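Structures given as structure tokens follow.
Two complexes follow with chain A in common, the first pairing it with chain B and the second with chain C.
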Partner chain A sequence: MSRTRRDNLAGALMMVPASIVILVLVIVPMVIIARDSFAVSDPLGGNLGGFTLDNYAKLLDPVYAKTMGYSLGMAVLNAIVCTVVGYVVAYYIATRPARRQPLLLLLVIIPFLTDFLVRTFSWITLLGSGGPIIGLAKLVGIPATSLVPSQAAVVLSLLYAFLPVAVFPIYASMRAIDPSLREAAADLGAGWWQTHARVYVPLSASGLASSVMLTFVPTLGVFVIPVLLGGGKDPLVGNLIVTLFTEFRNEPLGAALSMVVLVLMLVTVALAGVVTRVVTKKRSA
Partner chain B sequence: MDRVVAWASRLVFVFLYLPIAALIVYSLNASDVNYRWEGVSLRWYAELFADRMLLETLRTSLIVGLLAALLATALGFLSSMALVRFRVKGRGAFLGAILIPLIVPEIVLGVSLLTVFSTVGVPAGFLTLVLGHTVITLPLATLVQMGAMSSLDPSLPDAAADLGAGAFTTFRRVTFPLLRPAILAAFLLSFATSFGNIVISTFTSGVGTTTLPLRIYSQLKTGLTPELNALGTLLVVLTLAIILIVGVGQLRRILAGGPDQT
Partner chain C sequence: MKSKALAAVGVTVVAALALAGCSAGSGSTSSGGSTKLHIYAWSGEIPDSVIKGFEKETGITVSVDNFDSNETMISKLAAGNSGYDIVEPSQYAVPLMVQRDLLAKIDKSKLTGFDNIAEKFVNPSFDKDNEHSIPWVWGTTGILYNEDCTGAKVTGWKDLWNPKYKGKIYMLDNMLSAYIGGMQVEGLKATSTKKSEIEEGTQALIEQKPLLAGYNSDNYADLVATGDACIAEAYSGSASAKAVASNPSVHYIIPEEGGTLWTDSFSIAKNAPNEDAAYKWLNYTLQPEVAALATDDGASASANEAALKLVKDQTQVTNPAIYAPADSLKKSEFIVDPGDALAYYQDGWTRVRAS
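What follows is the complex of A and B.
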């Protein structure tokens, strides 16, 4: 069908509502935050306007730098663990018979769609005093009282929260891999590790890049898990942002911290794009 | 090594369900405190339905979730029509704009919304909650419906037109019925996303519009109660119901869309 002027007009009109929502509620607000991050703040944290780099400089104070360093470490750890475990699970699901795959994927989808807070606080029951794991430890003679709060509990529940978003993109890219490639690699004498290093990892590079993208920076923004499972002793950047905006009311400083998170995310997205492109190009060359 | 992978994966599946199992078992605990087991009872489910404060926040979350899901689904429907059916100019940029909330960390979206609402002077409440939740559910609602629309055979509406059906009749009798499962999926997944959201709500809820997750979170800060386990169990059941309605096939296409889908 040829495109008529009326069709073009109808299509353009249909874009208007969503465009307004995105412009007014996403783009303009982010521009304001970017502007505020350079604003001068009075001693109480009020926004005085003007231009200064003080807010960004203040983030280098040991108080903030420590949280940033700890958060980055946690985020890197969580991204790596999620992507490695996600790779293993995705490979397992993708190499099952086609009719069994939907069921296995469903087993990943159910926890993913379950309420985030429920997923988090169920770990308190599981690891807390009187829970099954402490009970088991006592039974075999290990004197333990409670694993909550602890850093181990934070790491476990971060993995629990982010694992599904790692599995989905890796599985999606692995499903596209022709299973006969595995047999071909084996016939050519490649072992398990070699088959993965030379065939599966390169061919699922885009999924692995998405996995890192969806787990790394989003971990920085988490604020519920450090409070509920870490006892609030080791805050993540997310906790800092919430505190700055809702308790200290220091908008310029909070805005600067938010901009750091945003820029980190953009860098990660760009890197993921580059990695995917380089690997794809190498393959076709 | 493949056997190691298989065993490791089975362990991961256990890991995924251990917390949910603990949640359900402990929701049946007769004891007043979560950490002591005193036999099976349904008392916490009864107490749940007598908790007025909790039911109030449940009502808020239901209203916000339904309105945000409705808005996101409608906006997503129009957007995907523009993108797929009319193939408008600049659709790459338009789709990119709609997907921004997927890329920008939620906490940054949250503080941005807080700032813009307080700048303009919109009081935090139902309006700000619904708008905030619409923003974060719009990408999903659009992608779900776009996927269904692009796999729709374009010759069907053409055939209807050839048989003399007008644009509206074609839409009502052909296009809409074919898209109904995707529209429902977009709505339910948007609702589930909004209903469980805590980050955006932290920055957009006001006095008297505390959502259920915000209430659960503030209760958890003072300690986990068996009542919350009962509530959590009911939320797991809600999730299962949504999954059942949307269907595994459709979910798989949405979350792990493979090469054989467009």
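What follows is the complex of A and C.
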């Protein structure tokens, strides 16, 4: 057996545990959902199997398109807001002295050791009528009552929930940027805006693309935040899927909607990949 | 590449079949002297004191899992081989589970103390002769309001349609519960199965939506107690009772247009592995002094008539957020499963939510 073949074999063997995990925990459930999305349901909530396209046909109802559109809008908005704020935070951290950076990164993560639901509830307290923000507003004479429920509260807590996901990839790509490039840009007469627009943003493009992707995709699946902070009047597609699986006891229809969301997510990932490749190519050319 | 992908699909299919096979092969081993009992119940409805007492008296080890919706419970049982002996469905879920053959018929001759159950839960509309369910706790769907905020007494559903409270009104985030208000405010029965009537209810809910702060089944009681909400459709029980107790301006009422009852019952799962222990559980919980603990330790209303006078804190029995007064319940009906009309409700509710 030649050396390369043995290496190949060893490599393949080492892939086995990871492959099994992905197969059992990712691919199998996805295949089950995909299969269920073509199944026939009965009014009692049973899954009768069989094959039908009815579930997908039902999703053509404008009601679903409306919720889908709203969710996509929300996800795009959240991806942009998170990436912009994430860029600012990541730039701040990346330009601090090297030995202070780990501490700052740790500060970004610490709140996330607390349960997601608990943090969402704490936003209700912060933004609610007895909270500090309203108290401050009253103190300076702004007649405010409560920020919950509101769209602003939803956007704010979505930003809070996904910010670390945006900070890390941007920070990772910024760390690779040589600090002397900033000085070079300054020497060549670039101001603050030009330094960012022509040096930092292009050089951290792959991090920015990952950030957009990593915040956009999970926002589509969020369902607790819109209920608790938005009043639940404008459901996201995640809420709709929960309703279909539980109250409407229609697993196949819920599965079909999940598949649509899944395809949308895959398209986004593919697009982000293409964008990153084009940008990287341009840079190296 | 292609053959690899095909192989992956093949393996996946085999794995899926294997999983399906596991759940399909449900073996039932019912033994005479079981030492274990597996219960699947609503969270917070069986106080620890009841479980401890049962374990002490019978020497049977109890394990309890909780669910937060009937649908979750049903799908777990329907998947097969759940291993549960006792389950706790709500009234509308009982016929659904009977039709899907998930519940065992209860042999009344093995029960003692069934005559302790209050009259309105004996032979109920959802389960003839209590063949599959023994009511444990009950409650109502009504209105929780904060008088400081409304500035007036609230009497019925129409107040949840009052523009005066715009942005301070909450409805329950649950289709059938929201339709109770939507139907009864129009003078219709909450259990209607007529398409045209359900459409009227849908229109009422769509009309109401701009007035709402939101749909909420999680923390509405806190919101009313703090005054962030003036008025909310609410379930009776511990959350509402706590809100009423914490603030003298907070009241729980049964709306004058009607109101509805719910009840959560103990049932024996089909092919229960420890059927014998399950009957011991039913008999244990039928005792008035045990049933009274549901109120004392769980702030739920007991379906056991004989238990009422045994409740230690009698203010709980007169608290309308736990025990609705008998005269307010005259018009109340049990919410039952709408059957085929479910499609009309679903269609309507989807439109309400997207409007």
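FYI, the second predicted complex is superposed on the first by the 247 of 285 C-alpha atoms of A that agree within 3 Å, B and C clash if a C-alpha of one lies under 4 Å from a C-alpha of the other, contacts with A are read in each partner's own complex, and residues count from 1 in each chain.
What we mean here is this: a residue touches a chain if its C-beta (ideal position, glycine included) is under 8 Å from a C-beta of that chain, and two chains touch if they have at least 3 such contacts.
Being a predicted model, the structure only gives us computed values, none of them experimental.
J.: Counting only touches as set out at the top, which of chain B and chain C does A:Met15 meet: first, second, both, neither?
T.: First partner only.
J.: With both complexes overlaid on chain A, does A:Leu228 touch chain B (first), chain C (second), both or neither?
T.: Once the two structures are laid over each other on A, A:Leu228 reaches both partners.
J.: Specify the partner with more touching residues on chain A, choosing between chain B and chain C.
T.: Higher number of touched chain A residues: B.
J.: For A:Lys66, using the defined touch cut-off, is the partner it touches chain B, chain C, both, or neither? Pick first, second, both or neither.
T.: So A:Lys66 only meets chain C here.
J.: Which partner does A:Thr246 reach: the first (chain B), the second (chain C), both, or neither?
T.: A:Thr246 sits against chain B and chain C alike.
J.: Check whether A:Val28 is in contact with chain B, with chain C, with both or with neither, and answer first, second, both or neither.
T.: Both: A:Val28 reaches chain B and chain C.
J.: Kindly classify A:Gly128 by the partners it touches after superposition: chain B alone (first), chain C alone (second), both, or neither?
T.: So A:Gly128 meets both chain B and chain C here.
J.: Quick one: is A:Leu107 in contact with chain B, with chain C, with both, or with neither? Answer first, second, both or neither.
T.: In the superposition, A:Leu107 contacts chain B only.
J.: Based on the A-chain superposition described above, do chain B and chain C contact any of the same residues on chain A, and if so which?
T.: Dual-contact residues (chain A): 23, 27-28, 32, 121, 124, 128-130, 227-228, 245-246, 251.
J.: Give the list of chain A residues in touch with chain B in this complex.
T.: Spelled out, the residues of chain A in touch with chain B are 1, 3, 7-8, 10-12, 14-15, 17-19, 21-23, 25-30, 32-33, 36, 85, 88-89, 91-93, 95, 102-103, 105-119, 121-126, 128-132, 160, 163, 167-169, 171-172, 175-176, 192-193, 217-218, 220-221, 223-224, 227-228, 238, 241-242, 245-246, 251, 254-255, 258, 261-262, 265-266, 269.
J.: Across the complex, what residues on chain C touch chain A?
T.: Contact set of chain C toward chain A: 8-9, 11-13, 15-16, 19, 69, 71-72, 74-75, 78, 96, 99-100, 170, 173-176, 209, 212-216, 218-219, 226-228, 339-340, 342-343, 346, 350-351, 353-354.
J.: List the residues on chain B that touch chain A in their complex, please.
T.: 1-2, 5-6, 8-9, 12-13, 15-20, 22-23, 26, 34-37, 74-76, 78-79, 81-82, 85-89, 94, 97-98, 100-101, 103-109, 111-116, 119, 131-132, 134-135, 138, 142, 158, 189, 192, 195-199, 202-203, 213, 216-217, 220-221, 224, 228-229, 231-232, 235-236, 239-240, 242-243, 248-249, 251-252, 255-259
J.: Please name which positions on chain A make contact with chain C in the complex.
T.: Result: residues 23-24, 27-28, 31-32, 35, 43-46, 61, 63-64, 66-67, 121, 124, 128-130, 146, 148-149, 227-228, 230-233, 235, 240, 243, 245-251 of chain A touch chain C.
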